[in-house]
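Next come two complexes built around subunit A: one with subunit B, the other with subunit C.
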Partner chain A sequence: MNAIGPRVTELLDELMVHSLRGFPLTNYGIFLVIALILTLGFFLIASRRLTLIPKGIGNVAEMGMEFIRDNMVFDVIGAEGRPYLAFIASMFFFVLFNNLLGLIPGAKPGTGTMGTTVTWALIVFVTYNAIGMRKLGVFGYIKSFYPKGVFAPLAVYVMLLELISHFIRPLTMSIRLFANMFAGHVILGIFAIFTVLMWNGSAVGKVTAILPLAMQIAMYALEVFVAFIQAYVFAILTTVYINGAVHAGEH
Partner chain B sequence: MTGSLSALGAGLGFAIGAIGPALGIGWIGSTTISSMARQPEMAGRLQTTMFIALALAEAIALLGFVLAFVLMGVK
Partner chain C sequence: MSLILPQFPEVIVSLISFLVLFGVLAKFAFPAINKMLDDRAAKIKDSLEKAEQTRVEAERLLEDYKTQMAEARQEASRVIEQGRKVAETVKAEIVAQANVEREGLLARAREEIEGEKKAAMAELQASVADLSVGVAGRILGTTMTKADHAALIDKYLAEVGSINE
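Right, the complex of A and B next:
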């Protein structure tokens, strides 16, 4: 039983950010770069020969883009959302490729560390606020938080709440993505530790080791699902926030 | 000894903190299903809204998860 503690510590230590000796990137940074190359390569290959009826990879890329355009951008923002499609789609596919890359044994998701997710959430935060400010001007945008026709002290209170909820957005967005990927990898690692310990433990353990192994396979399938869901959630929240900025001051 | 107490606190903190979001996620799912059954033509839009609501409920549980890791480090 005592063998579990140090192994879990080792697992958690392995999942922290380490600098690599003689190399300018961290262990997560490498996989961020690989995911970037994969995303770029995927779309460069997909758009190499553009035909009316796409084939192979082009078909997959078109399906993904159509999903984002119709089910996310046009559904939430409407036709005014067209200029922001590129931004939202890049966010979706980069997060997705990072999440999926992390599922390869030995690889890490670039999204599995706070540094990455906080940066992306801040990019989204700055972007949607800039969109709102470009539309209404800096003062107009800040004034749009102040509800009209409401008893003044209450309106100030509502405005304060609105401002707090806006500043909490990048925090929740980054923690959501990071914690989902990190927790998933910790769970997978812990079931792997259980399997190995049971297998090495005793003769009975050789039979019962099938239980954590089956659990791990089930969790792995769940993690693939989570990788898609989290990319979707990150992109749809970006869309919703941009929608709030595009339609600021209209209600 | 103090280390194991902070581990206990972390575990309990996450466990108690996960009750609310768990109920919330279940409720969001069940109400979405009943709405979809009533108006199948709205299913697409309901699904989008459902995922947004799920993400917001889930964030609370994950805040507890991060807090648990912070507590684990307390000596």
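Right, the complex of A and C next:
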């Protein structure tokens, strides 16, 4: 059991961001690029295998798209959300493919590093604010944060809070996604270490190793679920923020 | 080494990756998928509408057939009723004619019988008269005159006739 400390340190070190020697990508970046190729490949193939009677890979892509379209974009924004569908769908599927790719043993999720999640959260931030500004003008959009018919000093205070909450959004979005992915891998790693150490430790350990192994399997199932949930959360937040910008100044 | 601080190369890679993904999928993949979803929805809506139309048409036809059926049945029972009436009329006519004929036959038979009876009566009268005169003469031992004969016969006949009548 005295070996557990160094092993966990080793695991955490492995999960840190490293530059790959002689390569411009980090250990996460390489899987990000693989996920990019997989996502592009999946949708480019699927979009050429569409049949009126749904089947196969085309059907999978359609179901995903239908979910984003009807249950996210149309439910939250309404029919005006159609122009933003491609953006939201890209976010959802790219995050999802990264999350799922990271679950393959030995692979890492491209979303398991702050570099990626901050960048994407900022893309969302810039996009939804740009939508708001294009609709109301730069000044009109900023003015929409100022509540009408409220006692002036209070209104200024509310506006300040609103602005702060908007600027915090990319931070909360990026940390939520990163932390979920990172923590999931730490947990999976730790139970893997437990299992191996118990197995190697003693004769009794060969029996009791079943417990951390069962836990490992349960956690793995949970992580698959988390991969979907976090992609959904990231995309639904994108949708909600875009909805706020589309309907800014209407209240 | 850093955990929470974004690394610049990753920012660049993830930025470019997303822009490439968005650019390619938004142009080459998503429109086709969305179009297929819309097409299918339109097709299903179309089929449902067509099915509804067919159903309405079928119901209309059924209603038509039912009406025609009822009409045909009515017509049939009317024809049967008519036939029955005609048959009854014919029957009544035949019966009436038979009655008339029967009455005629009966009357003629009665007349004939009457005639026969009268003839028989006349013959009997004559025989009875001669016989009675003979018998009476023999009993009385005398020959009665013609006037006596006549008176006696008339008296007798009156008696016999009143009984016979």
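The rule is simple: the second predicted complex is superposed on the first by the 248 of 251 C-alpha atoms of A that agree within 3 Å, B and C clash if a C-alpha of one lies under 4 Å from a C-alpha of the other, contacts with A are read in each partner's own complex, and residues count from 1 in each chain.
Methods note: a contact is a pair of C-beta atoms (placed from the backbone, for glycine too) under 8 Å apart; a residue touches a chain by one contact, two chains touch by 3 or more.
A quick note: this is a predicted structure, and the numbers were derived from the prediction, not measured.
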### Query
Where does A:Asn71 make contact in the superposed view: on subunit B (first), on subunit C (second), on both, or on neither?
first
### Task
Determine, under the contact definition given at the top, whether A:Leu85 touches first (subunit B), second (subunit C), both, or neither.
second
### Touching partner for A:Tyr232 - first (subunit B), second (subunit C), both, neither
first
#### Entry: Comparison of subunit B and subunit C by subunit A residues contacted
C
### Message
Between subunit B and subunit C, whom does A:Ala183 touch in the aligned arrangement: first, second, both, or neither?
### Response
first
### Summary
subunit C residues touching subunit A in their complex are 1-11, 13-15, 17-18, 20-22, 24-26, 28-30, 32-34, 36-37, 39-40, 43
### Task
Enumerate the contact residues on subunit A facing subunit C in the complex.
16-19, 24-26, 28-29, 32-33, 36, 39-40, 43-44, 46-48, 50, 52, 54, 58, 61-62, 65-66, 69, 85-87, 89-91, 93-94, 110, 113-116, 118-120, 123, 182
### Query
Mind pulling up the subunit A residues that touch subunit B in the complex?
71-72, 75-76, 172, 175-176, 179-180, 183, 229, 232-233, 236-237, 240
### Query
In the complex of these two chains, what residues of subunit B are touching subunit A?
44-45, 48, 51-52, 54-56, 58-59, 62-63, 65-66
